[in-house]
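Okay, so subunit A shows up in both of these, paired with subunit B first and subunit C after.
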Partner chain A sequence: MAATYRKERLDRGIKARSDDIFALASYRDLAYLLLPRLLLIGGLLLVPLLEGVLGLYWLNVILIACTIALLALSWDLLASVGLISLGHSLFFGVGSYIAGALNYSLGWSPLLTLPVAMVAGALICTLLIYPILRLRGIYFALITLALPLLFMRVIEATKILGGTEGLSSLSPLPGQPLVLYIVLAAVLVCFFGYRRLIDSDYGLVLRAINDNDRSVMASGINIYHYKAQAVFIAALPATFAGAFLTHHYRIVGMPAFSLEYSILPLTSVIVGGQGSFAGALLGALLLVPVSESLRAFGTLRVVLYSVMLVIFTVGLPEGIFPYIRRKYHQFERPVPVEEGS
Partner chain B sequence: MSASSILTVSNLTKRFGGVYAVSDLSFDLNPGEALGIIGPNGSGKTTLVNLITGFVKPERGGRVFFRDRNIIGLMPYDIANLGIARSFQMVRPFTHLPAYKNLVVSLFSPKVRKFKGGKYGDRDEMAIDLLEEVGFERDSFVPYKAAGSLPHGYLKRLELARCLALEPDLLILDELFSGMSMSEIASILPLLEKIQAEGTTLIMVEHRLRELFRIVDRVIVLNFGAKIADGAPDEVMEQDEVKRAYMGIEVEPDA
Partner chain C sequence: MIVSILIYGLVNSVILILTALGFSLTLGLSRVANFAHGGIYVSSGLVAWLLLRRVGLPYPLALLLTVLISGLLGALIYRLILIRVRGIELSEVIATFAVGVAILEFFRWLGFVTYEFNLPSFIPGRVDIAGVLIDYQRLFIIGVGLVLALLLWFFSHHTKIGLALRGIAQDEYTALTLGIESDWAATLSVALGSSLTAVAAVTILPLGIISINTGYDVLLIALAVAVVGGLESTVGLVVAGIVLGYAMVITSNFVGPQWMMVVYLVAIVLVLAIRPSGILGQFKELEERV
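So, the complex of A and B:
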């Protein structure tokens, strides 16, 4: 009888060595740790220099991909606390409208409206979501789905903030050729900041709330405060993305609350892989350009896009990034299966 | 209520629909006392624990005083920070986190942070020390494994360690021994005796009577949510009503 084999998955020796402080032992171990990070930072910072190759259109696509990446990172942080949001356009829209309104009616410069919209927007969103933090799972998701729609209808019905026409001819962002760098820097700061946060003891509590909130309560930790803080921290990049795109397009309107800004971050995280932030980033930087390149197919675009999503979620349910990470950290080898075991 | 008691439960009632899970229950607990709560399945033992720790709200009129302060209406985390720690009968670990990181969550709670302090990394050390105390092998890989992949006996001890991390004045253990092997229980008993000797007040809800009676000096027997006996273990177990309700022994068939 032919021997049967099973696949065995083992950590590479270098992974075990570089898991801890021993990483400093050699340049090789150091490179093993630093390579993926440098690849990301270098790759992102090089993009604006490729204008000659890519052309202005694709640079703009990358800029949009970066704003979606900010939303996806934000979505991933909320999901790490167990809050699944179906209405991420709430954060995006609130940030957009605050920046737009401040610039339109008070004439504030974008240098001022960006930080103000980011912080004030995050505060407003946290206050809006605070009452529903006691809800979990699908109930929380359902209400977040309703909140941006509510904003849309209020703006439509009361005709405040420009009503259906929105606020136009806003100030452009200063330093035009370098605009892409602003959003790239935001993505990098947000990405590494979140990674650090979730690895700290504070982040540990956030992940524990996702795992089992009753145990966290029994440990004397006010989970509602922590959830509210998580919402605020998660809202920051999303409101920034909204304010940024408002000034980039020089117009803000009701589409800022549209479903697109809720669904794209969600699909980015699902395709890229939840929980590591790298997956969210990768997903957004892949999905947005792919969706743009499908424009040539006209109405078939949505069909092709959906088929691709289905293939990804069925074929790689863990997400692209966890798959790549596994390949980087582990190797597989066939092991003969012993008789009788 | 007596002035010296650490915990006073008075007229506590909880109804689920038409069923009285706990009905008009009152008792006092002195500091340093070890109280066992026993009773058949469904007699309201876990509901009583949930009522004291704020996970379930009682019917109107019930009061629980902890050091002369009414704690009914407080949230579970506020009660935990007052110094009452509880374990869960169904273990509730953070399955995705390594065992020792489970304890870091407790060590990060406001009360513990205040008197223990500690930066990032310090709490990892404290957690490993605590795990060793409840019987995790310090130098093995066990404390570093994901809690979800640990055997049940370890999870029970992890649950106990999570409570000890809070350095409680009142420790409520909800069926700590259930699902643990004899040798595991034997290894944990000296620790419980030590905790009690150090002055921690203890409430143990338990079905394993022999092991329970090694630790507690007083037992309350519940049946259908009501207290049917209260006193020293051997006296209580001699009462006919207790035998009938708890052991299912018909003492006097014609009575």
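So, the complex of A and C:
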């Protein structure tokens, strides 16, 4: 009779010793921890040098993927506080329009509009969301869905900021390798910054609000202040992404508030896995190139994202990244199953 | 002027109530926030159009079939997707939202975006009421709204199924011990909500064309009415519909029609700032939200 085997999973030694403090005994241990991080940084920084291989078109796709990654990271941070946003294009659009308006009417250079749009946009978004921070769960999601749609309506109705035409012929950003480096740096800073933030004591409070906000309140912490701060911190990369793409395309219009900028980051995070930021990054870097190659299908792309969203929420709720992480951190070996037991 | 505002305000209020009814019913009966509401609304209109123009069915039969198909669609959404993420509220929201977007964008991709997609009125023509011309379709809307509201109130308060559904919404575990099967009850409530949405769609859509973007607007309307009125409260729904309906018509008359949609935002923000549980919400709901 053939012996049957089952898979046994064991944590790797260094991981088993402690979950967050690593006792490094050798270069192997060091490499084990540093390799994934260095691979990410190195890989991303190498991309702009591959212009000869990829061609300008795909460099551009990677640039868009990075802006979506910024949005996805921002979405992930909000979700870590328990605020699920269905209208992330609000942040994107506000950032876009501030940068566009400052450049169009005052003639500020992108060097100035990018940081101003980032900070001012995040402030404005925080003020907009502040009244609804008392809501949680589906009610918050409902209202965030409404906000960008209403912004579109207001711009359409009042014809401010260029109305339906938008503002065009804005100042361009510098050429291709440099512009890609800017956004790659932004992604890396945001990614590692967020990971550090969420692991700090401050991040602990944020995650606790997600887990059980009543007990955080009972500990004498004003959760609304924390939520507002989290919204501000989460809005920063999203408004930056908006301002950045505005200058990249040299035009800003109502599509900045469109559903695509809400649903792409959302899908990225759900596909990649929520909670670790790496999932968000992975999701965006996977999804955007895939969706670019499907550009011929027009709005069917949005259908595909949605279907993917349904499949992943229902069938694979943890996402791709936790799966990869488990494979990396654990041994798997076949163990014979004992008969008769 | 005043009579016109009164009459059109009433029509508008009933339109709002009708549009929000399906969403609010499902939420109130089984706590499922069906974000595919807009998708179902628009797809009902388009299904009716297809049955009428492509299949060539008589109008009443087409309408009836549409309502049934939409109910079936709702039941399918629950049995295939929602049942697997039941209880995880945010997954429910994301899944139904994605379904709604998928439906809407799929129809957009198929090319349902031109002006030929409209439904005929039940009875064409218009009538003069106190010096204001109003078409029969708008009168129909008021009639359907009244009948549906009464039927629903009767259904949810005086029939066994209705009471069972409300029991699930109040306390699922206790309802289970009393032999109410929560999955079937929830399937039924989503199906019922979808059918109601279809009724609203075929009654309201003859006023204009069937456009894909209506789907997103409808979701907004449902949400505004639900938030302003307070959830689970049928009376709250009606009151919110009337308040918002008149506010919109007044805004449209005195400020400009393009500001109508902005009324929702203002209403939502005001209500949430002053009274987060809605006009007629109860304390329990306040606790759920805040």
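Convention: the second predicted complex is superposed on the first by the 290 of 341 C-alpha atoms of A that agree within 3 Å, B and C clash if a C-alpha of one lies under 4 Å from a C-alpha of the other, contacts with A are read in each partner's own complex, and residues count from 1 in each chain.
Heads up, the rule we're going with is that contacts are C-beta pairs under 8 Å (C-beta built on N, C-alpha and C of every residue); 3 or more make two chains touch, one makes a residue touch a chain.
Remember, predicted model here, so these are calculated numbers, not experimental data.
For subunit A, which side has the bigger count of touched residues, subunit B or subunit C?
C
Would you check which partner chain A:223 touches, where first means subunit B only, second means subunit C only, and both and neither mean what they say?
Only subunit B; A:223 stays clear of subunit C.
Return first, second, both or neither, reflecting whether A:86 touches subunit B, subunit C, both chains, or no partner chain.
After superposition on chain A, A:86 lies in contact with subunit C alone.
Tell me which partner A:266 touches in the superposition: subunit B (first), subunit C (second), both or neither.
second
Examine A:299 and indicate which partner it touches, taking first as subunit B and second as subunit C; both and neither are also allowed.
The answer is second: A:299 touches subunit C but not subunit B.
Please indicate which partner A:141 is in contact with in the superposed arrangement: first for subunit B, second for subunit C, both, or neither.
Second partner only, subunit C.
For A:157, using the defined touch cut-off, is the partner it touches subunit B, subunit C, both, or neither? Pick first, second, both or neither.
second
Who does A:176 touch here: subunit B (first), subunit C (second), both, or neither?
A:176: touches no partner chain.
Touching subunit B in the complex: which residues of subunit A?
These residues of subunit A touch subunit B: 200-202, 204-205, 207-208, 211-212, 214-223.
How about subunit B: which of its residues touch subunit A in the complex?
Per the touch definition, subunit B meets subunit A at residues 53, 55, 75-78, 80-81, 85-86, 88, 92-97, 101-102, 104-112, 120, 123, 162, 165-166.
Write out the stretch or stretches of subunit C touching subunit A in their complex.
33, 35, 81, 84-85, 88-95, 97-99, 101-102, 105-106, 108-109, 216-217, 219-220, 223-224, 226-227, 256, 258-259, 261-262, 264-265, 268-269, 272-273, 276, 289-290
If you look only at subunit A, which of its residues touch subunit C in the complex?
Going through subunit A, the ones touching subunit C are 84, 86, 131-132, 134-139, 141-143, 145-147, 149-150, 153-154, 156-158, 259, 263, 266, 270, 297-300, 302-303, 305-307, 309-310, 313-315, 317.
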